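Scrolling down, you'll hit the structures one after another.
Each of the two complexes below includes chain A, the first together with chain B, the second together with chain C.
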Partner chain A sequence: MTTVPTAAMSDVRTTTRATAPLGRVLRSELRFILRRPRTLVALAALAFTPVIAGISVAIAAGSMSGGRRDDIAGIAMLVADNGLILPIFVLLLAMPMMLPLCGAMWSADALAGEASTGGLRNLLLAPVSRPRLLAVKAFGVAAVSLLAVTIMAVTAILAGIVLLGGEGMLTLSGSTMSVPASLGRIALLTLLVTIQVWAVAAIALAISSTTDHPLIVLAATTGGIVLFTVLGGIDTLSWLHPVLLTDGWLDMADVVRDPLPADGLVENAFRATCYILIGYSLALARLTTRDG
Partner chain B sequence: METKKTVLSFAAAGTVAGVAGLVLLASPAGAGEAPPELPAISPDDLVESVLNTEIPALSGSVALENNLGLPLPGMPGSTDGAEIRVFTDGEGKHRVQLPDSGTETTVIDDGKTVWVWNSSERSVTKVPHGADGKAHEKPLESRFADPATAARELVDAMQKDSEVDVDGTARVADRPVYQLVLTPKPTERTLLREVRVSVDSETRVPLQVEVLANGQAEPAVKAGFTEFADGPQDASLFQFTPPEGATVTEQDPNEEFRGQAPKDLFGDLDLNTYGEGWDTVLTATIPNDMLTMPFDEARPGGDRGDRGDRGERGGFANGSDNPLELLGTLGKQVSGDFGTGYVISANVGTALITEDGKVAIGAVPEQVVIEAAEQMK
Partner chain C sequence: MSKDIAQPDSSTMLDDFPPRTDTSADPVAARTRGLRKVYGKTVAVDHVDLDVPVGAVLGMLGPNGSGKTTTIRMLLGLVTPTAGSVELLGHLMPGGANWALPEVGALVEGPGFHPFLSGRENLFRCAAAEPRMVTSDIPRAVNDALERVGLASAAGRRYRGYSLGMKQRLGLAAALLLPRRLVVLDEPTNGLDPAGTREVRAVIADLHAAGTTVLVSSHLLAEVEATCTHVAVMHRGSLVAQGELRELLEAGNAGLLVSTPDVPVAVDALRDNRMPARATPDGVHVDLTTTTAPEVVATLVRSGVAVHEVRRQRTGLEDLFARLTEAENTTARLSDVAEPQPSTEDPT
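And then the complex of A and B:
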């Protein structure tokens, strides 16, 4: 191996240089997603939800209800005069449908959307490795999902402090947490919710890699979430429940219990990680075998 | 196309790993594990060590399961495997947390006062300890959350009328345990087959109690730790300050403390026991108005989530849909010296409820509850 000609070495170098630096590609992918009007509309809707929720609690304190959802109704009881719990409330409110759908939408755009406009064909033909292409797309979806959840949490913190006030955070266990500790819990929930959205987005990306129609991705993901929720509600299928991604979503109210019961939250994150792994693996397999 | 193959095998490995992770989540912990090796111990020594052990400072989670098919009054969490979190400092301070979907009831005994926090009502009930410095009575919510004490009391009460044996070892809450088995002596008239107490090999704290009925493979009642850690606990866990804006009600410690749930149910019941050991029959007299009250409001277990409404007595008898009528459909009508009543049989026990409100219940055949009812005044 010591006799490799210098020419070959320089060849290798030129090929490496031919691909753009990863940082720049990731930045441009993100800019590309954020420039789409529907992305901006979705982010704005997520940013306004906490404000609307905050105003309705401030006007009609105590009469908030979560419809048929016990977990939301329970937290809603604590929202009045307890502004820092508003981020927890809105994140849990958006967890079962709103946030997963946003994640699915970005995944749908990433591959199926590109395919429907013919853009994916160019990308597949370009001298870029398919795993790298998928990594860039997956990064874009993950980054914008994190951004969406964070925007929601931050506007909820502001709306909570301004509209509802309260010092520290009253937990479900009846203790009052200091402001830094409360912000820590909010950050934790933001992260946990993001991981769940990533899991949905990963599965959606796998579906996205098989079709040219972004709507199919959205429909399949929505159908999947509804199906999982229904299965999760059937007691005789309790053996199946630990496998369902949606199963732990309602238990995330655990972040406002004191002391923090970590077990369920860790299990949730682990379950989501499994789905992320499966989703990206399938997307990778499909993208690799897909003809240019 | 070597790289394509490599990529595909990576993808396959990733999928397999993800699926394996999910399977791991779905498989019950500790299944198929060999029982731990522990030094042999005689049944008498084990019983003695259980009865003499002080419950140390500990934290843990307690799960309750019942296959009775009957709603048990004040047995929280028996519906959906919800776990109860318990903490104690070993010196009389306790913290019990009963999480439910989006709500929590927290009971804290700080050594001087018992506090009950109910998040769904944002309310606090404060009960100072009585003059003797002891909590007059444990709130109902936390009474079931202490399998260790319950098991000790059970072993203490039952050992005289039981064959006591050590049936190997097992694992409970990830700790090696001895299985102490109490079986009724042949003279006992009971529907139960055995009571199985899992005793922690190290601390000798009972970690789990299972009650098994004749002809049933699954325990009829199972209460035990799913997580258990002994060691000093953070003192702040046993302090409570009512949060701002919460409704605080103070209760007289000398009154019967009934906790939040089955309010008013256990008052004036005139509880008595007949017999001893396995064929103990518990008798009580139900106030008349409760028997004729519409069923939904009398039912102590209630549905999940309506804890707030429970216990507030609503409109009285209009004659329809009251517990007595329901008994007619559930049970078998019997009559005797005690009057007329209904017998309800379950795998683990029998209950007799008469029309004038006498109740006899025990883990015994029908004959024994009727005998007990006949002795009632």
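And then the complex of A and C:
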């Protein structure tokens, strides 16, 4: 790194680098995302949800079913007695809509939102090359998604222990797991849920790269999730189900079975990974040809 | 207006970059050849061969929608041309963007900042992405830039609460974060009050004095006339004229238009007094390079010519601009009329 003295207006030093240090750009992107008021509101809502759920369960112990799938209803019954299953319950509750919407929102802001304010142009003119720009944006969305799911899991663990007590975890299979093993299962579900949110966010980022309107991204992603859920509920379309991202979301309740049935969970993660690759490939293809 | 054009020795800054494609003797900071951009069926820019000489302050003039911004966006690699080539600081665009753009400061299509961040935080974000910025110098660079555009006192306030002029200043500050070889300003005085406009002029003059090449687009003629050494005039997507401001201005001199019922008498009277006069459909046109308006009027009155009205004709850049753009309008209109109507050709 050489510094060149310049005769121009300021005595700010310059280097001859052709690209800004990656760490600096990533830090700047993260700071930018975390300064955004709506990010903070979303994170606060996600942190507050387990507390509300814990209080509800503590008050109305045993009376929760609400016509959901059997596994979910089963978990709700279990929650009443063991606090450590609250994180599992809350994460599965947030999986079908709440967390995917957050992922879609961050993707919408990352490219479409930036394009609508003109901030994207500033980055392109700096310059940040387009593949690098996508990498920075994808990193930001992935990081804040992981943060969101982790915050939810951690507050759920705390709320569960405080409100419902936490000596081990009663599984769907009837056995009881030790506290460390329970925490391990919670960490596993946190990771699996995060991968699913990343998949939604990747597709949303691809949509985000085509438009200047963040609302379109949010609407399209929500519509897609609803459509996939409806298709997933039609039995005559069972041949289609393996490619639907939403198909395995509720099966993730498998993490509270003993022993752990890995097949379905691995398939889920694999499917999400395919969506991530497709989403980022489409986003890259669009972003490299897009007018700035 | 006739400042000597400084040509900074920039070779030391470029040691680490790949060899440049610029081989011509006359150095240019930016050059386009046969530039064309088509959006759907609309031809936004066509056949633009623009040269921005090193060290010049080039004013890009044209009515709204004449293709100024599209040309600038192609110049900066934001938009890929439909046809033609762009060379920026010796690098072919858009492929050479990574090598050319670090030395270019730009304010294009208005400032693009985030409403929930303060002015200073917005600049920090821009600075973090600048390849040539030394990380430890970012706070100083940001403060210097804010100081330069007169925003230091409002730097901590949210961008949301900024006035149009303050937003524009912040955009200018982002372009000036680092010493640049080329600064591109698209409508920089949009929304600025007269004091702000003067400050922008001062900034451009500073940049020019430091040897920076400046490309400034505007539809405000006075602004360009006051700050630029070179002019490029765009009209309907084409470049209708470019060159040194002085040379272009010499093509059209200031004149006086006299309305009178006795045109031949007036012309004779003026010519007898060695004043260059000629009859025009509107009256008598007098060239003011060798004489002044009061002398013309005095001469006419002394000769007993009845004068209804004396009007100064549009002068300088405005005249030039009007001639370039209105001439084209007229031709276009004439060709429209000349074109036969397809429906009348068919007798059935």
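Here, the second predicted complex is superposed on the first by the 266 of 292 C-alpha atoms of A that agree within 3 Å, B and C clash if a C-alpha of one lies under 4 Å from a C-alpha of the other, contacts with A are read in each partner's own complex, and residues count from 1 in each chain.
Please note the rule applied: a contact is a pair of C-beta atoms (placed from the backbone, for glycine too) under 8 Å apart; a residue touches a chain by one contact, two chains touch by 3 or more.
A quick note: this is a predicted structure, and the numbers were derived from the prediction, not measured.
In the superposition on chain A, A:S178 makes contact with neither chain B nor chain C. In the superposition on chain A, A:T289 makes contact with both chain B and chain C.
In the superposition on chain A, contact of A:P261 is made with chain B only, not with chain C.
Within the superposed three-chain model, A:L250 lies in touch with chain B and out of touch with chain C [touch as defined at top]. Once the two complexes are laid over each other on the shared chain, residue contacts for A:I278 go to chain B alone; chain C is not touched. With the contact threshold set out at the top, residues 129, 289 of chain A are in contact with chain B in one structure and with chain C in the other.
Remark: chain B residues 3-4, 7-8, 10-15, 17-19, 21-23, 25-26, 85, 97, 99-104, 106, 115, 117, 119-122, 124, 227, 234, 237, 240-246, 304-305 touch chain A in the complex. Taken in their complex, chain C has these residues touching chain A: 8, 12-17, 73, 76-80, 97-99, 101-102, 104, 106, 108-117, 121, 124-126, 128-135, 137, 140-141, 144-145, 148, 174, 176-180, 206-207, 210-212. Considering their complex, residues 66, 69-75, 77-78, 80-81, 129-131, 170, 172-176, 239-240, 242-243, 250-251, 253-254, 257, 259, 261, 263, 267, 270-271, 273-278, 280-282, 284-285, 288-289 of chain A touch chain B. Those residues of chain A lying in contact with chain C across their complex are 1, 3-4, 6-10, 12-21, 24-25, 27-28, 31-32, 35-37, 117-129, 289, 291-292.
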